[in-house]
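Common to both upcoming complexes is chain A, partnered first by chain B, then by chain C.
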Partner chain A sequence: MFGQILYTQVKWSRAAVAVLSAIAFVLPALLWRAVHQGWMREYSALEVMRGFAVLGPALGVVAFFVGFILVAQAWAADAATRHVYALSLPIPWARYVALRYGAGALLLLVPTIALWLGVMLILSLVTIPESLNAYPGTVTLRFLLAALFSYSVMFALQYLSGKRAAYILLTALVGVFAFSLVLGLAGYGEVVDAVTGALLRWPGPLAVFASDWMLVDV
Partner chain B sequence: MTDAIRIRHLAWRAGKEFAIRDLAMTVPAGAIYGFLGPNGSGKTTTIRLMLGMLPPQDGTIEVLGHSVPRFAHRALERIGYVPERLHLYQTLTVDESIRFHKAFHKDFDAAEAERLRARFGLREDQLVSRLSKGEAGKLMMLLALSQRAELLVLDEPTDGLDPVIRREVLGALVEYVDARKATVFISSHLVHEQERICDWVGVMDGGRLIAELPMQEFRSGIKRLRVAQAPAVRDAAPFALLSREPLSAQHEQWVVRGWQPEMREWFQRVGADVRDIQDLDLEESFVELLRGARTVTQETR
Partner chain C sequence: MSEPRLAIAGLAIARGALALGVAATLALSPGGAAAQSSLELRARADSAQRRATLLREAYRRVIEQDAPIADRTLSLDGVTLRYRGMDLGSADSVRVVEGVTRGLARLRAGTGAALPALLDTAAWSLDVRRRGPFGSSDLYVRDGRTNWRHTLKHPIQATDVEAGLLTRAGDRLVERTEQLRDRMGWFALRPDVAPWGEVARRLATNWSAAGRACAAGALASCRLVLERYRPKEAVTRYFEPRDYRDVVVSGASSATDSLFFASKARCVAGADSACARIVRDITPADPFGGAVRGTLLAHAIELGGDAAVARLVERRPADADLEAISLLADAAGVSEDSLIASWHRRTFAALEPASGAGVPLILSTVAWSGLLFVASRRRRYL
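And then the complex of A and B:
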């Protein structure tokens, strides 16, 4: 049963998974090049760290979109048929949802493995400064967790609200931005900082995105 | 168990306009039950309630002994369902659709599926999205029949199919019922199609079941009468008066349900006389039944 659910999920998502995996694979190389403005240039440890501190969150952005896109793919076929087929199958609805969730979550591994391969490839080609270390495992695990978080939140939203999920998310983002802007202009910047900190710093729900995405660090 | 489907006091409402009201329905085990009604009368909604796809707001539903929606998944193990519109995944091929369906039905007969696939002329590698309406109908029927279901719930299974394909689909259905003695619940607005295969009939209109009776009774019990000196009062009549229209100063045309020849005496007792009795065909009976029910509804408002 899970095998068939996974099979359908692979069939629906394979193009998206291929594109996302390709992006995840080349991303470490692009980051490295952006950090060093070239492959062969001499660089300092500080320069590398600053570069990754600024550009590393791009990995988090890609992780977010990996989760987001795979959820859209997971439910698209059922949504197109108004869930009639899924509901007519002799299986409790909660179990069906769990199987769909599990199959989609498993597919997150493909871009994650692609990222790990990309990281390992780039680390085998470049020399990092002596005082620094590479953290391919940590960055890859963080990528997987960020993608899983994004996938889970979007899956719940999509499940609860169907096609309205994207509108709800967009409204929430615009609302948070507008709220922060108004508070900031009104002189309550510290409130905005406190709220942002609560969301982005551990154990805040978005901490996995805001943590250090340092492929190379001390 | 004597009833395959048993519904009591079922109520469901969507918005202000449409509602299923106090629906009671009994489908005997082994029957081929024709579920008739005009478009928008609530047939598909009733089927979705029956299969647990919609939660009822009131009432009870039992399908094959299982309370629905709570144990819908257990009932669905024994039900083959063909919906009104194609519900299968568009990106799968015919073969993949069969394998997917098989994974969820433990009694699925793969050999029968293969036999029906060949009989219906479906190619294994055809994409579901590329199937014609007839081919899609055949694939859905193939899946339902290969499940070895005890109950087949078919929602307009032949709607829009050409006569050749309709005959193929109905032929496979009749063979299945003969071989397995399954119960069939078949919804349609094609009255003549139902007449050929059904032994029970339920008629739905405006979210209410306005009649449920054996097909034989439906076929022979509705008559058009020409009545002379027609009485004004109809409540005491031993039959159900579906409609009455004046033909002339002396005569009225009545359409009645539950007619028996000995009921002529009732007319004589009230000073009237039946001058002519006509049999209605099934389609006329269906139309008159709807007309009668709508007249009663308007009068009670």
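And then the complex of A and C:
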């Protein structure tokens, strides 16, 4: 049964996964190239750090979109046929959801492997100064974790709220923005800071996005 | 109306009256300006100008120097602290008092008997000014010499006042001692500020060979880093030939000849020989900064406790000849080599993974994802 669900997941989201994997593969080299216009000469430690400075935040954004796309594509394909395929399967809904979640989560590995290859490629082209170290495994793992969390949030939102997911997401985003704005203007900025800190600091749910994403560091 | 406001109003009225008087004299005198010689008129105008300048100066003094006249005074542990808060309510006042009390207690704990000497002016004053209708404030801490101003995003809190006192006391510590003036002291008495990781990263990625060697564990290079920065010897002390291009690009030079600029252009383009030729004409920017050197002061205080502060505050004639590292080692009660070695360990230990990195982060992220997965199976809502 899982094979069938995985097959449909691949079929529905292969184009998007391919595009995102290509982006993840070229991103490290592309961002380095945008900063330094080359990779043949010897770079100082600061130049190397600068060359990879934007990579972390950029990978965080890509990880978010990977999770988002994998949920949205599968749901959209199911919803187009009014979920006839899901409901006609001889398994309970909860099991179907579990299989669908597992299939999507497995596909997260594709852009992750592409990223790892891209990272290894750029590290083979650039000489890292002796005072610095490269962390290809750490960055790739962070990417996978961030994509997994993003996928799980989107999956829960989609499968708990159905076709109203977009409205709920939009309302939540506007609500959070308005709430923090009002609190800040009313002089309670520290409350906003405290809530943000709790979300972003370990063991908060968004800690993976706020953690160290440097490919090259001391 | 408070005393300074009365004085300001009085001066403003006097200044206006003087201007009117000068204008009336010039305009209403028989025959006006024509009846006076131009020399006499100029002399009168100069006199009026001088008096206006004197009045303006007096006005400025009232505004800038005499403004922090105390609304309230606190005397705790033999230290007098004046404070005032324009537009503050009673709740804010309670927070200021709490912050002052906590700040002085922390200073007393961290500096021991040296506190009165550290706060060696007649009194410090705090001035809290609300900036707008939404609660943000400016906190000024003055000690008779300089001001420390901190903009707050929120209504004044006790922790702000406490941090202000500790910050200013740390600054005073380095201002008092000639050898320490090249380093930041504001975080020396604030255990809540941890610059170590940032300093370690700055050294490891430093554009000077000395900084990078220090990061790699060469304690002799760390000594160079922590000593007073010597701009005239900087090129030979801190840099290697492979750093020269960075020195040329970022340093300052008084050379204006076309030969220099031609060599600089070749150096920037990658010609090492051109860099070596002109690097002696360059005064490089300090590659470490006061924050890096300031961590040695903070570390010496960590090691020596309040006795270290007392030793730094105490002035002995023999101290005048000591270098900063010797002075700090003496204050910490250890040898110079030992101080530098423990500073290195302390600084680079900050780079070790903090909680929330590695396995804990994996576990927490998987746990959050698992929770969301379990929640998503709870209902079917198409």
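To be clear about the criterion, the second predicted complex is superposed on the first by the 196 of 218 C-alpha atoms of A that agree within 3 Å, B and C clash if a C-alpha of one lies under 4 Å from a C-alpha of the other, contacts with A are read in each partner's own complex, and residues count from 1 in each chain.
Everything below uses one rule, namely that a contact is a pair of C-beta atoms (placed from the backbone, for glycine too) under 8 Å apart; a residue touches a chain by one contact, two chains touch by 3 or more.
Computed from a predicted model, the values in this text were never measured in an experiment.
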(request) Kindly say whether there is room for both chain B and chain C on chain A in the superposition, answering fit or clash. (result) fit
(request) With the two complexes superposed on chain A, say which partner A:31 touches: chain B (first), chain C (second), both, or neither. (result) neither
(message) Once chain A of both complexes is superposed, is A:188 in touch with chain B (first), chain C (second), both, or neither?
(response) second
(message) After the superposition on A, what does A:70 contact: first (chain B), second (chain C), both or neither?
(response) neither
(request) Check whether A:20 is in contact with chain B, with chain C, with both or with neither, and answer first, second, both or neither. (result) neither
(message) On the A-aligned overlay, A:4 touches which partner chain: chain B = first, chain C = second, or both, or neither?
(response) first
(message) As a test of reading the superposition: which chain, chain B or chain C, is in touch with more residues of chain A?
(response) C
(message) Contacts for A:114 in the overlay, against chain B (first) and chain C (second): which applies, first, second, both or neither?
(response) neither
(message) Going by the contact rule set out at the top, does A:101 touch chain B (first), chain C (second), both, or neither?
(response) second
(request) Quick one: minimum Cα-Cα distance, chain B versus chain C, in the superposed arrangement, integer Å. (result) 10
(message) If I apply the document's touch criterion, which positions on chain A are contacted by chain B in one structure and by chain C in the other?
(response) 93
(message) Per the contact definition, I'd like the list of chain A residues that touch chain C in the complex.
(response) 41, 44-46, 49, 79, 82-83, 93-94, 97-98, 101, 129-132, 141, 145-146, 148-149, 151-153, 155-156, 158-163, 184-190, 201-203, 205, 207-208, 211-212, 217-218
(message) Can you tell me which positions in chain C touch chain A when the two form their complex?
(response) 134-136, 153-155, 157, 200-201, 204-207, 212, 215-216, 243, 246, 270, 351, 355-357, 360-362, 364-370, 372-373, 375-382
(message) Taking the touch rule as given, give the residues of chain A at its contact with chain B in the complex, in rising order.
(response) 1, 3-4, 7-8, 11-12, 77, 80-81, 84-85, 87-93
(request) Report the residues of chain B in contact with chain A in the complex, numbered from low to high. (result) 51-53, 73-74, 76-77, 79, 81, 83, 85-92, 96, 99-100, 103-105
